[in-house]
Amino acid sequence: MKNMLNMVIKPVWAHCDLMCGVYDPAQARIEAQSVLAIMQKYQESDDEVFRQRCIIIKEKRAQLAKEHLWVLWTDYFKPEHIEKWPELHDLFWRATKQAGETKKSVDPAEGEKLLELIGEIEEIFNQTK
Amino acid sequence: MKNMLNMVIKPVWAHCDLMCGVYDPAQARIEAQSVLAIMQKYQESDDEVFRQRCIIIKEKRAQLAKEHLWVLWTDYFKPEHIEKWPELHDLFWRATKQAGETKKSVDPAEGEKLLELIGEIEEIFNQTK
Amino acid sequence: MKNMLNMVIKPVWAHCDLMCGVYDPAQARIEAQSVLAIMQKYQESDDEVFRQRCIIIKEKRAQLAKEHLWVLWTDYFKPEHIEKWPELHDLFWRATKQAGETKKSVDPAEGEKLLELIGEIEEIFNQTK
Amino acid sequence: MKNMLNMVIKPVWAHCDLMCGVYDPAQARIEAQSVLAIMQKYQESDDEVFRQRCIIIKEKRAQLAKEHLWVLWTDYFKPEHIEKWPELHDLFWRATKQAGETKKSVDPAEGEKLLELIGEIEEIFNQTK
Amino acid sequence: MKNMLNMVIKPVWAHCDLMCGVYDPAQARIEAQSVLAIMQKYQESDDEVFRQRCIIIKEKRAQLAKEHLWVLWTDYFKPEHIEKWPELHDLFWRATKQAGETKKSVDPAEGEKLLELIGEIEEIFNQTK
Amino acid sequence: MKNMLNMVIKPVWAHCDLMCGVYDPAQARIEAQSVLAIMQKYQESDDEVFRQRCIIIKEKRAQLAKEHLWVLWTDYFKPEHIEKWPELHDLFWRATKQAGETKKSVDPAEGEKLLELIGEIEEIFNQTK
């Protein structure tokens, strides 16, 4: 518990819609991991109902990854961050477009590309703290 | 009906998550108009329950405006558009941030700023067709 | 911007749940156009995953068209409108039923029927202003 | 368990969006009872936070009552029902409008009116089986 | 109407998130009946689009059954109930897991198992009043 | 990126509704941290609109914490876990009830209690891997 409460006492403050949000790229990453896992399971299965459910659930998980990325971009990052990392806008644009790609495809390589882009965002995010 | 069906026969095609989306900044604008209208009604009322409902409903409408803008940015616009209008990324960033501002405020001026930014996006959008 | 701000200054006021709603049949029409577009793309494709996604996304778009129509019917139209256009109740009933039909079918003709019914509603709506 | 399984074996079939829906006005009634209960609790309390939560939760419950009514109207009832009970369209219109009224008010009398209208719908519904 | 209003005057009060909730296992049961109905329709059909829609809609209905059960477990039942029916925790755990099973399967037997578990919960629920 | 991809290559597999879910108590914890942060901001502010928005947003965040906990309980944990940690059912019951308490209160102590219960769940979760 200690570690966790420490983290709470110094949370990742940011100017969110309430001016007090807790941001964490982990939310997008968890959904993207789920997308990748679904793609892998899809490839390994030949059960028609199972594969249809993969498409349905992947659609939702990819959408959630997209939404978590959008919130991070608009609500967490501030003008001084954009000045320091001018590539941020384009990085988020490509990452959210890639989340869209993972809806269209069942190729795990597309899921891995999404995770790599989220990883690049995560690296910048960690430097802002 | 004629005009409308014409519009349907030549719809606003774009590379969306299904590669066949119908995009229209009107969706964001209608929600932003609703946000502005709620702000104006809030100012004119002194009924406590009514004003609390204004805050609740404005929160949702502003969120919908934000989401329609995000979808337009990620799904409608393509690399060639960003090349031609390099200000697009920053314009959408400011517009979605402004949608966040309209949640925090009951000042109609904030709603008008959001509508102006959506208007700027609309002008570029219209040139892409 | 001018035109748009004019539109904002004289918005489409109506007695909504907040007594200040901005109503526009465009919301239902945009979703119905999307439904039609998906049906057309479905017919042109023989990719199994793509076609499954068509069914999933069409289901949602048709539901949104249905919901926008319901809101318009219940919240925008007032007793004096029903007196003047007594066919309104049945028109909305058939239009929302048709939105349901577009979930069941991948035939673009069903999407066009929905758009025609929305067009009839739009004509009455325009006369109320 | 017996009674319930009997009910399952002969469920309330109807032409829904899947042509196999299970309809029950109980869904709308449960939400409307919740709306009424919240109004009563609001009147009995003078705690500011509690009363604000009443407004927030009542908004959602009233919306759910509205949505269940809309689904019943569009998806359960068929042309032969409208012929036999031509008042159905107007009854549903007034009931969904009343669901909207219960958002605006904290007067339990408004919640009771909604329950009465749902009761009238229920009586017709029961005669269709 | 009489009976219904009586029911309203003495509603099923319980400690919910607002301390005034109206709880009824009927909400979960209606969704579970819908799940079972969809499974039966799936078995009777060989239309590919219809069957895909069955999977999509069953996924949602099963999720709703799951959510209604979770709410009942956490919000309606109190420590004294758990003392009297110590099997309650495990019963809800198995019922919500079974709701998950009905997503994975198109075998009506799985839907019936869910309804039986909801029936067991219903029996205990009825004894708490 | 290395660390993250390693984590992806050996993800937290579990029997979810798709038999391939990625589970992580971090999802509940992030929402609960947000609830606590909102409570603290509420106490520091005397702006009426800001405080009303705190209540609205806290309601949603607490609900999300509750839902992430429910999913973890039903979908991640298996009979062998319950055998080894028989307190799990009750722990999740108290944690989801506490998520409900954080809706009712603006006292940061209630938010801290929720985080502590999530911490206890996290400790057991970590031992299952």
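As written, the chains take the letters A, B, C, D, E and F, and residue 1 is the first residue of each chain.
In this text, a residue touches a chain if its C-beta (ideal position, glycine included) is under 8 Å from a C-beta of that chain, and two chains touch if they have at least 3 such contacts.
Quantities reported herein were computed from a predicted structural model and do not represent experimental measurements.
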{"item": "Of all other chains, the one whose Cα centre sits farthest from chain D", "value": "A"}
{"item": "Higher-contact pair (C-beta pairs counted), A-F versus A-E", "value": "A-F"}
{"item": "Copies chain D and chain B - interface residue numbers shared by over half, same or different", "value": "different"}
{"item": "Where chain B and chain C are represented by their mean Cα positions, the distance between them in whole Å", "value": "19"}
{"item": "Rounded Å distance between chain D and chain F, as computed from the means of their C-alpha atoms", "value": "33"}
{"item": "For chain A, residues contacting two or more additional chains", "value": "17-19, 50, 52-53, 56-57, 103-104"}
{"item": "Every chain pair in contact, whichever chains are involved", "value": "A-B, A-C, A-E, A-F, B-C, B-D, B-F, C-D, C-E, D-E, D-F, E-F"}
{"item": "Complex interface listing, chain B residues touching chain C", "value": "1, 4-5, 7-8, 11, 13, 17-22, 24, 26-27, 29-30, 33-34, 36-38, 40-41, 50, 53-54, 57, 112, 115-116, 119-120, 122-123"}
{"item": "For the chain A and chain C complex, residues of the former touching the latter", "value": "52, 55-56, 59, 103-106"}
{"item": "Residues of chain D touching chain F in the complex", "value": "49-50, 52-53, 56-57"}
{"item": "Footprint of chain B on chain A - complex, ascending", "value": "16-19, 66-67, 70, 73-75, 82, 89-90, 93, 96-97, 100, 103-104"}
